[in-house]
Amino acid sequence: MITENIFFIMNIIGLLAFAVVGSLKGIKKGLDLLGITVLGIMTALGGGITRDLLVNTIPYALMYPNDIIVSLIGVWLAIVVFKVFNEDISNKYIIQIPDAIGLSAFTTTGAMIAFNFEVSFFGVIILATLTGVGGGIISDILLQKTPSALTEDFYASCSIIGAVSFYLCILSNVNFEISAVICSIIVLMVRIVAILCKWSLPKFYSEK
Amino acid sequence: MITENIFFIMNIIGLLAFAVVGSLKGIKKGLDLLGITVLGIMTALGGGITRDLLVNTIPYALMYPNDIIVSLIGVWLAIVVFKVFNEDISNKYIIQIPDAIGLSAFTTTGAMIAFNFEVSFFGVIILATLTGVGGGIISDILLQKTPSALTEDFYASCSIIGAVSFYLCILSNVNFEISAVICSIIVLMVRIVAILCKWSLPKFYSEK
Amino acid sequence: MITENIFFIMNIIGLLAFAVVGSLKGIKKGLDLLGITVLGIMTALGGGITRDLLVNTIPYALMYPNDIIVSLIGVWLAIVVFKVFNEDISNKYIIQIPDAIGLSAFTTTGAMIAFNFEVSFFGVIILATLTGVGGGIISDILLQKTPSALTEDFYASCSIIGAVSFYLCILSNVNFEISAVICSIIVLMVRIVAILCKWSLPKFYSEK
(Lines give C-alpha, C1' and ligand atoms only; values in the text may rest on other atoms or scores of the structure.)
Protein backbone atom coordinates (compact mmCIF):
# COMPACT_ATOMS: atom_id res chain seq x y z
CA MET A 1 0.00 0.00 0.00
CA ILE A 2 2.65 2.51 1.07
CA THR A 3 4.90 1.35 -1.77
CA GLU A 4 2.09 1.93 -4.25
CA ASN A 5 1.57 5.45 -3.00
CA ILE A 6 5.28 6.19 -3.16
CA PHE A 7 5.43 5.03 -6.79
CA PHE A 8 2.29 6.97 -7.63
CA ILE A 9 3.92 10.17 -6.36
CA MET A 10 7.32 9.41 -7.92
CA ASN A 11 5.64 8.76 -11.25
CA ILE A 12 3.84 12.11 -11.19
CA ILE A 13 7.01 13.99 -10.24
CA GLY A 14 8.85 12.21 -13.03
CA LEU A 15 6.20 12.90 -15.68
CA LEU A 16 6.14 16.59 -14.69
CA ALA A 17 9.94 16.90 -14.76
CA PHE A 18 10.33 15.02 -18.05
CA ALA A 19 7.54 17.08 -19.66
CA VAL A 20 9.16 20.33 -18.52
CA VAL A 21 12.57 19.28 -19.84
CA GLY A 22 11.10 18.18 -23.18
CA SER A 23 8.98 21.30 -23.64
CA LEU A 24 11.95 23.56 -22.90
CA LYS A 25 13.93 21.72 -25.59
CA GLY A 26 11.08 22.44 -28.01
CA ILE A 27 10.77 26.10 -26.98
CA LYS A 28 14.51 26.67 -27.48
CA LYS A 29 14.39 24.97 -30.89
CA GLY A 30 11.73 27.47 -31.99
CA LEU A 31 8.86 24.98 -32.34
CA ASP A 32 5.29 26.22 -32.33
CA LEU A 33 2.81 25.51 -29.53
CA LEU A 34 1.87 22.12 -30.97
CA GLY A 35 5.49 21.10 -31.47
CA ILE A 36 6.33 22.09 -27.89
CA THR A 37 3.39 20.07 -26.59
CA VAL A 38 4.37 17.02 -28.63
CA LEU A 39 7.98 17.27 -27.42
CA GLY A 40 6.86 17.56 -23.79
CA ILE A 41 4.41 14.67 -24.01
CA MET A 42 6.80 12.41 -25.92
CA THR A 43 9.64 13.06 -23.48
CA ALA A 44 7.36 12.16 -20.58
CA LEU A 45 5.57 9.20 -22.16
CA GLY A 46 7.92 8.02 -24.93
CA GLY A 47 9.83 5.62 -22.72
CA GLY A 48 6.71 3.90 -21.43
CA ILE A 49 5.16 3.73 -24.88
CA THR A 50 8.31 2.11 -26.32
CA ARG A 51 8.33 -0.42 -23.48
CA ASP A 52 4.66 -1.28 -24.05
CA LEU A 53 5.28 -1.68 -27.79
CA LEU A 54 8.17 -4.08 -27.14
CA VAL A 55 6.06 -6.32 -24.91
CA ASN A 56 3.06 -6.11 -27.26
CA THR A 57 0.69 -4.18 -25.04
CA ILE A 58 -1.44 -1.26 -26.18
CA PRO A 59 0.37 1.65 -24.50
CA TYR A 60 -1.08 2.56 -21.10
CA ALA A 61 -0.87 6.24 -22.10
CA LEU A 62 -3.37 5.63 -24.91
CA MET A 63 -5.84 3.71 -22.75
CA TYR A 64 -6.02 6.00 -19.71
CA PRO A 65 -5.88 9.80 -19.72
CA ASN A 66 -4.04 10.34 -16.38
CA ASP A 67 -0.43 10.37 -17.57
CA ILE A 68 -1.22 12.62 -20.53
CA ILE A 69 -3.01 15.14 -18.31
CA VAL A 70 -0.02 15.26 -15.95
CA SER A 71 2.30 15.72 -18.95
CA LEU A 72 0.14 18.54 -20.30
CA ILE A 73 0.42 20.29 -16.94
CA GLY A 74 4.21 19.91 -17.26
CA VAL A 75 4.11 21.49 -20.72
CA TRP A 76 2.04 24.39 -19.41
CA LEU A 77 4.46 24.81 -16.47
CA ALA A 78 7.43 24.96 -18.85
CA ILE A 79 5.82 27.66 -20.96
CA VAL A 80 4.85 29.73 -17.91
CA VAL A 81 8.31 29.38 -16.38
CA PHE A 82 9.94 30.31 -19.68
CA LYS A 83 7.71 33.37 -20.14
CA VAL A 84 8.19 34.54 -16.56
CA PHE A 85 11.89 33.88 -16.03
CA ASN A 86 12.91 33.71 -19.72
CA GLU A 87 15.45 31.23 -18.59
CA ASP A 88 16.47 27.66 -19.25
CA ILE A 89 16.02 25.74 -16.03
CA SER A 90 16.69 22.30 -17.51
CA ASN A 91 20.29 22.21 -16.24
CA LYS A 92 19.45 23.57 -12.77
CA TYR A 93 19.00 21.41 -9.68
CA ILE A 94 15.34 22.49 -9.47
CA ILE A 95 14.69 20.34 -12.54
CA GLN A 96 17.56 17.84 -12.33
CA ILE A 97 16.40 16.40 -9.01
CA PRO A 98 12.78 15.84 -10.13
CA ASP A 99 14.22 14.45 -13.37
CA ALA A 100 16.31 11.99 -11.32
CA ILE A 101 13.16 10.97 -9.43
CA GLY A 102 11.44 10.35 -12.75
CA LEU A 103 14.38 8.34 -14.08
CA SER A 104 14.20 6.25 -10.93
CA ALA A 105 10.43 5.70 -11.08
CA PHE A 106 10.37 4.90 -14.81
CA THR A 107 13.35 2.54 -14.62
CA THR A 108 11.69 0.64 -11.79
CA THR A 109 8.31 0.28 -13.52
CA GLY A 110 10.17 -0.82 -16.66
CA ALA A 111 12.05 -3.49 -14.71
CA MET A 112 8.87 -4.72 -13.01
CA ILE A 113 6.95 -5.04 -16.27
CA ALA A 114 9.93 -6.68 -17.97
CA PHE A 115 10.05 -9.26 -15.19
CA ASN A 116 6.34 -10.02 -15.57
CA PHE A 117 6.89 -10.80 -19.25
CA GLU A 118 9.64 -13.27 -18.35
CA VAL A 119 12.26 -11.73 -20.59
CA SER A 120 15.96 -12.57 -20.19
CA PHE A 121 18.48 -10.79 -17.93
CA PHE A 122 19.40 -8.46 -20.81
CA GLY A 123 15.72 -8.01 -21.62
CA VAL A 124 15.12 -6.66 -18.10
CA ILE A 125 18.03 -4.23 -18.44
CA ILE A 126 16.96 -3.05 -21.89
CA LEU A 127 13.29 -2.56 -20.99
CA ALA A 128 14.10 -0.83 -17.68
CA THR A 129 16.63 1.51 -19.29
CA LEU A 130 14.44 2.24 -22.31
CA THR A 131 11.52 3.09 -20.06
CA GLY A 132 13.79 5.50 -18.19
CA VAL A 133 15.60 7.20 -21.05
CA GLY A 134 13.50 6.38 -24.15
CA GLY A 135 11.45 9.57 -23.95
CA GLY A 136 14.56 11.76 -23.96
CA ILE A 137 16.02 9.80 -26.87
CA ILE A 138 12.84 10.21 -28.94
CA SER A 139 12.67 13.95 -28.31
CA ASP A 140 16.36 14.33 -29.20
CA ILE A 141 15.77 12.41 -32.45
CA LEU A 142 12.82 14.69 -33.29
CA LEU A 143 15.15 17.67 -32.81
CA GLN A 144 18.16 16.17 -34.68
CA LYS A 145 20.37 15.98 -31.65
CA THR A 146 22.56 12.98 -30.92
CA PRO A 147 20.61 11.61 -27.94
CA SER A 148 22.24 13.10 -24.84
CA ALA A 149 21.64 9.77 -23.07
CA LEU A 150 24.28 8.31 -25.43
CA THR A 151 26.86 11.07 -25.26
CA GLU A 152 26.73 12.82 -21.94
CA ASP A 153 27.68 11.95 -18.41
CA PHE A 154 26.21 9.29 -16.22
CA TYR A 155 22.50 9.10 -16.98
CA ALA A 156 21.36 5.91 -18.71
CA SER A 157 24.06 4.12 -16.72
CA CYS A 158 22.05 4.78 -13.54
CA SER A 159 19.11 2.88 -15.05
CA ILE A 160 21.36 -0.01 -16.00
CA ILE A 161 22.81 -0.23 -12.49
CA GLY A 162 19.30 -0.13 -11.04
CA ALA A 163 18.03 -2.84 -13.37
CA VAL A 164 20.96 -5.11 -12.56
CA SER A 165 20.31 -4.59 -8.83
CA PHE A 166 16.66 -5.44 -9.35
CA TYR A 167 17.57 -8.64 -11.17
CA LEU A 168 20.10 -9.65 -8.52
CA CYS A 169 17.53 -9.02 -5.75
CA ILE A 170 14.97 -11.21 -7.50
CA LEU A 171 17.60 -13.92 -8.05
CA SER A 172 18.40 -13.79 -4.32
CA ASN A 173 14.71 -14.43 -3.59
CA VAL A 174 14.11 -10.93 -2.28
CA ASN A 175 10.40 -10.05 -2.33
CA PHE A 176 9.27 -8.53 -5.67
CA GLU A 177 8.03 -5.30 -4.15
CA ILE A 178 11.14 -4.81 -2.00
CA SER A 179 13.34 -5.45 -5.05
CA ALA A 180 11.49 -2.66 -6.84
CA VAL A 181 12.03 -0.27 -3.93
CA ILE A 182 15.75 -1.15 -3.82
CA CYS A 183 16.01 -0.59 -7.58
CA SER A 184 14.42 2.84 -7.37
CA ILE A 185 16.55 3.94 -4.41
CA ILE A 186 19.74 2.84 -6.17
CA VAL A 187 18.89 4.65 -9.40
CA LEU A 188 18.04 7.82 -7.50
CA MET A 189 21.15 7.76 -5.30
CA VAL A 190 23.55 6.95 -8.14
CA ARG A 191 22.05 9.66 -10.33
CA ILE A 192 22.27 12.31 -7.60
CA VAL A 193 25.87 11.38 -6.82
CA ALA A 194 26.62 11.45 -10.58
CA ILE A 195 25.17 14.97 -10.85
CA LEU A 196 27.05 16.25 -7.81
CA CYS A 197 30.39 14.63 -8.80
CA LYS A 198 29.96 15.27 -12.54
CA TRP A 199 30.65 11.62 -13.33
CA SER A 200 31.09 10.54 -16.90
CA LEU A 201 31.99 7.40 -18.86
CA PRO A 202 35.21 6.99 -20.87
CA LYS A 203 35.32 8.00 -24.53
CA PHE A 204 37.80 6.69 -27.08
CA TYR A 205 37.86 9.36 -29.71
CA SER A 206 37.29 13.09 -29.88
CA GLU A 207 35.72 14.12 -33.15
CA LYS A 208 38.21 16.85 -34.00
CA MET B 1 -22.03 2.21 -49.09
CA ILE B 2 -21.56 5.72 -50.49
CA THR B 3 -19.44 6.62 -47.47
CA GLU B 4 -17.22 3.62 -48.08
CA ASN B 5 -16.68 4.64 -51.67
CA ILE B 6 -15.90 8.21 -50.67
CA PHE B 7 -13.27 7.01 -48.20
CA PHE B 8 -11.87 4.59 -50.73
CA ILE B 9 -11.31 7.46 -53.16
CA MET B 10 -10.04 9.87 -50.48
CA ASN B 11 -7.57 7.23 -49.31
CA ILE B 12 -6.17 6.73 -52.82
CA ILE B 13 -5.85 10.48 -53.41
CA GLY B 14 -4.10 10.82 -50.05
CA LEU B 15 -1.68 7.96 -50.64
CA LEU B 16 -0.76 9.38 -54.05
CA ALA B 17 -0.26 12.91 -52.71
CA PHE B 18 1.76 11.76 -49.67
CA ALA B 19 3.92 9.49 -51.84
CA VAL B 20 4.60 12.33 -54.28
CA VAL B 21 5.53 14.72 -51.46
CA GLY B 22 7.80 12.15 -49.81
CA SER B 23 9.53 11.14 -53.04
CA LEU B 24 10.20 14.78 -53.95
CA LYS B 25 11.82 15.26 -50.51
CA GLY B 26 14.06 12.28 -51.30
CA ILE B 27 14.90 13.48 -54.82
CA LYS B 28 15.89 16.91 -53.54
CA LYS B 29 18.05 15.35 -50.82
CA GLY B 30 20.02 13.48 -53.48
CA LEU B 31 18.90 9.97 -52.51
CA ASP B 32 19.19 7.16 -55.01
CA LEU B 33 16.21 5.40 -56.60
CA LEU B 34 15.77 3.05 -53.64
CA GLY B 35 15.98 5.88 -51.11
CA ILE B 36 13.40 7.90 -53.04
CA THR B 37 11.06 4.91 -53.16
CA VAL B 38 11.45 4.25 -49.43
CA LEU B 39 10.80 7.91 -48.63
CA GLY B 40 7.69 7.95 -50.81
CA ILE B 41 6.29 4.72 -49.40
CA MET B 42 7.08 5.64 -45.79
CA THR B 43 5.48 9.08 -46.15
CA ALA B 44 2.34 7.47 -47.55
CA LEU B 45 2.15 4.45 -45.24
CA GLY B 46 4.19 5.46 -42.16
CA GLY B 47 1.25 6.98 -40.32
CA GLY B 48 -0.96 3.93 -40.76
CA ILE B 49 1.87 1.55 -39.85
CA THR B 50 2.61 3.49 -36.64
CA ARG B 51 -1.10 3.42 -35.74
CA ASP B 52 -1.29 -0.33 -36.33
CA LEU B 53 1.83 -0.90 -34.21
CA LEU B 54 0.33 1.10 -31.34
CA VAL B 55 -2.87 -0.95 -31.31
CA ASN B 56 -0.94 -4.22 -31.75
CA THR B 57 -2.14 -5.14 -35.21
CA ILE B 58 0.08 -6.42 -37.99
CA PRO B 59 0.16 -3.38 -40.29
CA TYR B 60 -2.47 -3.48 -43.03
CA ALA B 61 0.19 -2.34 -45.51
CA LEU B 62 2.15 -5.55 -44.91
CA MET B 63 -0.85 -7.84 -45.26
CA TYR B 64 -2.42 -6.44 -48.44
CA PRO B 65 -0.58 -5.05 -51.45
CA ASN B 66 -3.10 -2.35 -52.50
CA ASP B 67 -1.75 0.62 -50.54
CA ILE B 68 1.84 -0.14 -51.50
CA ILE B 69 0.97 -0.35 -55.19
CA VAL B 70 -0.80 3.03 -55.02
CA SER B 71 2.22 4.49 -53.20
CA LEU B 72 4.60 3.11 -55.83
CA ILE B 73 2.51 4.83 -58.49
CA GLY B 74 2.92 8.04 -56.48
CA VAL B 75 6.70 7.57 -56.41
CA TRP B 76 6.76 7.00 -60.15
CA LEU B 77 4.58 10.10 -60.70
CA ALA B 78 6.97 12.20 -58.60
CA ILE B 79 10.01 11.08 -60.60
CA VAL B 80 8.26 11.69 -63.94
CA VAL B 81 7.02 15.12 -62.85
CA PHE B 82 10.49 16.03 -61.58
CA LYS B 83 12.20 14.89 -64.79
CA VAL B 84 9.66 16.66 -67.01
CA PHE B 85 9.18 19.94 -65.15
CA ASN B 86 12.40 19.83 -63.08
CA GLU B 87 10.42 21.63 -60.47
CA ASP B 88 9.35 21.20 -56.88
CA ILE B 89 5.58 21.03 -56.84
CA SER B 90 5.27 20.08 -53.16
CA ASN B 91 4.38 23.63 -52.12
CA LYS B 92 1.94 24.23 -54.97
CA TYR B 93 -1.84 23.95 -54.68
CA ILE B 94 -1.77 21.05 -57.14
CA ILE B 95 -0.17 18.93 -54.42
CA GLN B 96 -1.35 20.78 -51.28
CA ILE B 97 -5.02 20.12 -51.97
CA PRO B 98 -4.60 16.36 -52.54
CA ASP B 99 -2.31 16.34 -49.49
CA ALA B 100 -5.13 17.97 -47.47
CA ILE B 101 -7.52 15.28 -48.73
CA GLY B 102 -5.05 12.63 -47.58
CA LEU B 103 -4.61 14.28 -44.18
CA SER B 104 -8.38 14.26 -43.83
CA ALA B 105 -8.81 10.62 -44.90
CA PHE B 106 -5.94 9.31 -42.77
CA THR B 107 -7.00 11.27 -39.69
CA THR B 108 -10.51 9.90 -39.98
CA THR B 109 -9.45 6.27 -40.38
CA GLY B 110 -7.09 6.75 -37.42
CA ALA B 111 -9.93 8.09 -35.27
CA MET B 112 -12.25 5.26 -36.29
CA ILE B 113 -9.71 2.54 -35.49
CA ALA B 114 -8.77 4.26 -32.21
CA PHE B 115 -12.43 4.25 -31.21
CA ASN B 116 -12.76 0.54 -31.97
CA PHE B 117 -9.86 -0.21 -29.61
CA GLU B 118 -11.62 1.70 -26.82
CA VAL B 119 -8.72 4.02 -26.08
CA SER B 120 -9.18 7.19 -24.03
CA PHE B 121 -10.10 10.65 -25.35
CA PHE B 122 -6.39 11.50 -25.69
CA GLY B 123 -5.75 8.10 -27.26
CA VAL B 124 -8.23 8.93 -30.04
CA ILE B 125 -6.54 12.28 -30.67
CA ILE B 126 -3.04 10.78 -30.66
CA LEU B 127 -3.89 7.87 -32.95
CA ALA B 128 -5.90 10.04 -35.36
CA THR B 129 -3.17 12.68 -35.56
CA LEU B 130 -0.34 10.15 -35.83
CA THR B 131 -2.14 8.38 -38.67
CA GLY B 132 -2.45 11.73 -40.43
CA VAL B 133 1.02 13.17 -39.88
CA GLY B 134 3.16 10.17 -38.84
CA GLY B 135 4.37 9.41 -42.36
CA GLY B 136 5.65 12.94 -42.84
CA ILE B 137 7.39 12.87 -39.45
CA ILE B 138 9.14 9.56 -40.25
CA SER B 139 10.37 10.83 -43.61
CA ASP B 140 11.63 14.06 -42.02
CA ILE B 141 13.51 12.04 -39.39
CA LEU B 142 15.10 9.89 -42.12
CA LEU B 143 16.30 13.13 -43.74
CA GLN B 144 17.46 14.87 -40.52
CA LYS B 145 14.85 17.59 -40.69
CA THR B 146 12.96 18.77 -37.64
CA PRO B 147 9.54 17.35 -38.57
CA SER B 148 7.68 20.12 -40.38
CA ALA B 149 4.48 18.93 -38.65
CA LEU B 150 6.05 20.23 -35.39
CA THR B 151 7.42 23.51 -36.64
CA GLU B 152 5.37 24.84 -39.47
CA ASP B 153 1.97 26.37 -39.82
CA PHE B 154 -1.34 24.75 -39.16
CA TYR B 155 -1.07 21.12 -40.22
CA ALA B 156 -1.18 18.58 -37.41
CA SER B 157 -3.57 20.96 -35.65
CA CYS B 158 -6.18 20.20 -38.32
CA SER B 159 -6.00 16.51 -37.39
CA ILE B 160 -6.39 17.33 -33.71
CA ILE B 161 -9.44 19.51 -34.36
CA GLY B 162 -10.94 16.75 -36.50
CA ALA B 163 -10.31 14.07 -33.88
CA VAL B 164 -11.88 16.21 -31.14
CA SER B 165 -14.94 16.77 -33.34
CA PHE B 166 -15.18 13.04 -33.97
CA TYR B 167 -15.05 12.32 -30.24
CA LEU B 168 -17.66 14.98 -29.46
CA CYS B 169 -19.96 13.60 -32.15
CA ILE B 170 -19.69 10.09 -30.73
CA LEU B 171 -20.29 11.43 -27.21
CA SER B 172 -23.42 13.17 -28.51
CA ASN B 173 -24.67 9.82 -29.83
CA VAL B 174 -24.18 10.78 -33.43
CA ASN B 175 -24.03 7.71 -35.66
CA PHE B 176 -20.46 6.29 -36.00
CA GLU B 177 -20.32 6.66 -39.76
CA ILE B 178 -21.72 10.19 -39.75
CA SER B 179 -19.19 11.17 -37.08
CA ALA B 180 -16.44 9.94 -39.38
CA VAL B 181 -17.78 11.99 -42.28
CA ILE B 182 -18.01 15.10 -40.07
CA CYS B 183 -14.44 14.51 -38.90
CA SER B 184 -13.10 14.27 -42.43
CA ILE B 185 -14.99 17.33 -43.64
CA ILE B 186 -13.73 19.42 -40.71
CA VAL B 187 -10.09 18.37 -41.22
CA LEU B 188 -10.31 19.16 -44.93
CA MET B 189 -12.04 22.53 -44.46
CA VAL B 190 -9.74 23.70 -41.66
CA ARG B 191 -6.65 22.67 -43.60
CA ILE B 192 -7.73 24.45 -46.77
CA VAL B 193 -8.59 27.63 -44.84
CA ALA B 194 -5.19 27.33 -43.04
CA ILE B 195 -3.39 27.12 -46.41
CA LEU B 196 -5.28 30.06 -47.89
CA CYS B 197 -4.94 32.28 -44.80
CA LYS B 198 -1.40 31.11 -43.97
CA TRP B 199 -2.40 30.32 -40.39
CA SER B 200 0.25 29.40 -37.85
CA LEU B 201 0.52 28.66 -34.13
CA PRO B 202 2.32 30.92 -31.64
CA LYS B 203 6.01 30.37 -30.89
CA PHE B 204 7.82 31.51 -27.75
CA TYR B 205 11.40 31.75 -28.83
CA SER B 206 13.28 32.44 -32.03
CA GLU B 207 16.52 30.53 -32.19
CA LYS B 208 18.72 33.50 -33.04
CA MET C 1 20.11 -30.00 -39.93
CA ILE C 2 23.05 -28.78 -42.04
CA THR C 3 21.01 -25.77 -43.12
CA GLU C 4 20.29 -24.91 -39.51
CA ASN C 5 23.94 -25.03 -38.64
CA ILE C 6 24.85 -22.88 -41.61
CA PHE C 7 22.30 -20.24 -40.57
CA PHE C 8 23.48 -20.43 -36.99
CA ILE C 9 27.02 -19.63 -38.09
CA MET C 10 25.95 -16.97 -40.61
CA ASN C 11 23.85 -15.28 -37.93
CA ILE C 12 26.78 -15.11 -35.52
CA ILE C 13 29.13 -13.75 -38.18
CA GLY C 14 26.51 -11.16 -39.11
CA LEU C 15 25.84 -10.06 -35.53
CA LEU C 16 29.57 -9.66 -34.90
CA ALA C 17 30.14 -7.69 -38.11
CA PHE C 18 27.10 -5.43 -37.60
CA ALA C 19 28.07 -4.80 -33.95
CA VAL C 20 31.63 -3.88 -34.98
CA VAL C 21 30.39 -1.51 -37.70
CA GLY C 22 27.88 0.14 -35.33
CA SER C 23 30.36 0.52 -32.48
CA LEU C 24 32.95 2.09 -34.78
CA LYS C 25 30.31 4.62 -35.90
CA GLY C 26 29.74 5.46 -32.22
CA ILE C 27 33.46 5.69 -31.42
CA LYS C 28 34.05 8.06 -34.33
CA LYS C 29 31.09 10.22 -33.28
CA GLY C 30 32.70 10.68 -29.85
CA LEU C 31 30.07 8.76 -27.87
CA ASP C 32 30.92 7.43 -24.42
CA LEU C 33 31.24 3.72 -23.60
CA LEU C 34 27.48 3.34 -23.09
CA GLY C 35 26.65 5.14 -26.31
CA ILE C 36 29.10 2.96 -28.24
CA THR C 37 27.57 -0.18 -26.73
CA VAL C 38 24.03 0.94 -27.57
CA LEU C 39 25.06 1.78 -31.13
CA GLY C 40 26.73 -1.61 -31.56
CA ILE C 41 23.82 -3.57 -30.09
CA MET C 42 21.18 -1.61 -32.00
CA THR C 43 23.03 -2.01 -35.31
CA ALA C 44 23.23 -5.76 -34.74
CA LEU C 45 19.74 -6.31 -33.31
CA GLY C 46 17.70 -3.33 -34.54
CA GLY C 47 16.59 -4.98 -37.76
CA GLY C 48 15.33 -8.12 -36.02
CA ILE C 49 13.62 -6.11 -33.29
CA THR C 50 11.81 -3.96 -35.88
CA ARG C 51 10.71 -7.09 -37.74
CA ASP C 52 9.39 -8.67 -34.53
CA LEU C 53 7.51 -5.47 -33.64
CA LEU C 54 5.84 -5.40 -37.06
CA VAL C 55 4.57 -8.98 -36.73
CA ASN C 56 3.53 -8.43 -33.11
CA THR C 57 6.03 -10.73 -31.42
CA ILE C 58 8.02 -9.87 -28.33
CA PRO C 59 11.51 -9.42 -29.82
CA TYR C 60 13.63 -12.56 -29.71
CA ALA C 61 16.57 -10.43 -28.50
CA LEU C 62 14.63 -9.56 -25.33
CA MET C 63 13.59 -13.12 -24.58
CA TYR C 64 16.92 -14.92 -25.04
CA PRO C 65 20.38 -13.61 -24.17
CA ASN C 66 22.40 -15.26 -27.00
CA ASP C 67 22.22 -12.55 -29.63
CA ILE C 68 22.97 -9.78 -27.15
CA ILE C 69 26.03 -11.61 -25.82
CA VAL C 70 27.36 -12.05 -29.37
CA SER C 71 26.70 -8.35 -30.04
CA LEU C 72 28.54 -7.35 -26.87
CA ILE C 73 31.54 -9.37 -28.03
CA GLY C 74 31.36 -7.42 -31.30
CA VAL C 75 31.36 -4.13 -29.37
CA TRP C 76 34.36 -5.26 -27.36
CA LEU C 77 36.15 -6.33 -30.54
CA ALA C 78 35.52 -2.93 -32.13
CA ILE C 79 36.98 -1.08 -29.15
CA VAL C 80 40.04 -3.34 -29.00
CA VAL C 81 40.65 -3.04 -32.74
CA PHE C 82 40.24 0.73 -32.57
CA LYS C 83 42.64 1.06 -29.63
CA VAL C 84 45.23 -1.23 -31.23
CA PHE C 85 45.14 -0.08 -34.84
CA ASN C 86 43.54 3.33 -34.27
CA GLU C 87 41.97 2.84 -37.62
CA ASP C 88 38.54 2.68 -39.17
CA ILE C 89 38.11 -0.79 -40.61
CA SER C 90 34.41 -0.41 -41.46
CA ASN C 91 35.14 0.26 -45.15
CA LYS C 92 37.73 -2.50 -45.47
CA TYR C 93 37.05 -5.95 -46.92
CA ILE C 94 37.84 -7.51 -43.55
CA ILE C 95 34.57 -6.05 -42.26
CA GLN C 96 32.60 -5.67 -45.53
CA ILE C 97 32.60 -9.40 -46.26
CA PRO C 98 31.31 -10.43 -42.79
CA ASP C 99 28.82 -7.55 -43.08
CA ALA C 100 27.61 -9.03 -46.39
CA ILE C 101 27.22 -12.42 -44.69
CA GLY C 102 25.15 -10.74 -41.98
CA LEU C 103 23.01 -8.90 -44.54
CA SER C 104 22.40 -12.23 -46.23
CA ALA C 105 21.55 -14.12 -43.01
CA PHE C 106 19.26 -11.39 -41.64
CA THR C 107 17.45 -10.88 -44.95
CA THR C 108 16.77 -14.60 -45.17
CA THR C 109 15.45 -14.94 -41.62
CA GLY C 110 13.29 -11.86 -42.25
CA ALA C 111 11.84 -13.42 -45.39
CA MET C 112 11.19 -16.73 -43.63
CA ILE C 113 9.39 -15.11 -40.71
CA ALA C 114 7.42 -12.83 -43.04
CA PHE C 115 6.26 -15.88 -44.98
CA ASN C 116 5.12 -17.62 -41.79
CA PHE C 117 2.91 -14.63 -40.95
CA GLU C 118 1.27 -14.83 -44.39
CA VAL C 119 1.95 -11.25 -45.35
CA SER C 120 1.66 -10.08 -48.96
CA PHE C 121 4.40 -10.12 -51.62
CA PHE C 122 5.40 -6.58 -50.63
CA GLY C 123 5.18 -7.53 -46.96
CA VAL C 124 7.82 -10.23 -47.53
CA ILE C 125 10.10 -7.77 -49.28
CA ILE C 126 9.66 -5.09 -46.62
CA LEU C 127 10.19 -7.42 -43.66
CA ALA C 128 13.19 -9.14 -45.26
CA THR C 129 14.84 -5.86 -46.18
CA LEU C 130 14.07 -4.21 -42.84
CA THR C 131 15.56 -7.16 -40.99
CA GLY C 132 18.69 -6.80 -43.10
CA VAL C 133 19.18 -3.05 -43.07
CA GLY C 134 16.99 -1.81 -40.17
CA GLY C 135 19.79 -1.89 -37.61
CA GLY C 136 22.02 0.30 -39.75
CA ILE C 137 19.16 2.74 -40.36
CA ILE C 138 18.41 3.03 -36.62
CA SER C 139 22.05 3.68 -35.76
CA ASP C 140 22.31 6.29 -38.51
CA ILE C 141 19.18 8.01 -37.17
CA LEU C 142 20.66 8.03 -33.66
CA LEU C 143 23.74 9.76 -35.10
CA GLN C 144 21.85 12.22 -37.35
CA LYS C 145 23.09 10.75 -40.57
CA THR C 146 20.85 10.22 -43.58
CA PRO C 147 20.71 6.41 -43.47
CA SER C 148 23.47 5.18 -45.76
CA ALA C 149 21.14 2.36 -46.82
CA LEU C 150 19.05 5.04 -48.55
CA THR C 151 21.84 7.05 -50.14
CA GLU C 152 24.79 4.87 -50.92
CA ASP C 153 25.55 2.20 -53.43
CA PHE C 154 23.94 -1.16 -53.74
CA TYR C 155 23.15 -2.41 -50.25
CA ALA C 156 19.44 -2.61 -49.39
CA SER C 157 18.87 -3.51 -53.04
CA CYS C 158 20.62 -6.83 -52.40
CA SER C 159 18.05 -7.65 -49.73
CA ILE C 160 15.20 -6.75 -52.07
CA ILE C 161 16.58 -8.97 -54.83
CA GLY C 162 17.01 -11.81 -52.34
CA ALA C 163 13.46 -11.41 -50.98
CA VAL C 164 11.98 -11.43 -54.49
CA SER C 165 13.95 -14.60 -55.31
CA PHE C 166 12.67 -16.21 -52.12
CA TYR C 167 9.07 -15.35 -53.01
CA LEU C 168 9.48 -16.62 -56.57
CA CYS C 169 11.00 -19.88 -55.30
CA ILE C 170 8.08 -20.41 -52.93
CA LEU C 171 5.61 -19.59 -55.73
CA SER C 172 7.34 -22.20 -57.89
CA ASN C 173 6.76 -24.78 -55.15
CA VAL C 174 10.42 -24.96 -54.24
CA ASN C 175 10.91 -26.41 -50.76
CA PHE C 176 10.80 -23.76 -48.00
CA GLU C 177 14.27 -24.53 -46.71
CA ILE C 178 15.84 -24.61 -50.15
CA SER C 179 14.17 -21.28 -50.98
CA ALA C 180 15.82 -19.81 -47.89
CA VAL C 181 19.23 -21.11 -48.94
CA ILE C 182 18.79 -19.72 -52.45
CA CYS C 183 17.75 -16.35 -50.99
CA SER C 184 20.82 -16.16 -48.78
CA ILE C 185 23.21 -17.17 -51.56
CA ILE C 186 21.75 -14.58 -53.92
CA VAL C 187 21.97 -11.75 -51.37
CA LEU C 188 25.58 -12.66 -50.57
CA MET C 189 26.67 -12.99 -54.20
CA VAL C 190 24.95 -9.79 -55.35
CA ARG C 191 26.38 -7.84 -52.43
CA ILE C 192 29.93 -9.06 -53.04
CA VAL C 193 29.70 -8.26 -56.73
CA ALA C 194 28.26 -4.83 -55.83
CA ILE C 195 31.23 -4.13 -53.53
CA LEU C 196 33.80 -5.27 -56.07
CA CYS C 197 32.21 -3.41 -59.01
CA LYS C 198 31.17 -0.36 -56.96
CA TRP C 199 27.58 -0.59 -58.20
CA SER C 200 25.14 2.18 -57.40
CA LEU C 201 21.55 3.15 -58.21
CA PRO C 202 20.61 6.18 -60.33
CA LYS C 203 20.00 9.55 -58.67
CA PHE C 204 17.95 12.37 -60.14
CA TYR C 205 19.28 15.45 -58.41
CA SER C 206 22.58 16.53 -56.91
CA GLU C 207 22.09 18.72 -53.91
CA LYS C 208 24.54 21.39 -55.03
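Labels for the chains are A, B and C, by order of writing; each one numbers its residues from 1.
Here, a contact is a pair of C-beta atoms (placed from the backbone, for glycine too) under 8 Å apart; a residue touches a chain by one contact, two chains touch by 3 or more.
None of the values given here were measured: they were computed from a predicted structure.
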Exercise for review: Counting only chain pairs that touch, give me the topology of the graph as line, ring, star, complete or other.
Suggested key: complete
Exercise for review: Tell me whether chain A and chain C, two copies of the same sequence, contact each other through the same residue numbers or different ones, using over half shared as the line for same.
Suggested key: different
Practice item. Please work out the Cα centroid separation of chain A and chain C, and write it as a whole number of Å. Key: 30
Revision key, fill the gap. Residues of chain A that touch two or more other chains sit at 53, 56, 141, 144
Review point. Can you name the residues of chain A that touch chain B in the complex?
Key: 26-36, 38-39, 49, 53, 56-59, 61-65, 68-69, 79, 82-83, 141-144
Review point. Across the complex, what residues on chain A touch chain C?
Key: 53-56, 114, 117-123, 126-127, 137, 141, 144-147, 149-152, 156-157, 160, 200-207
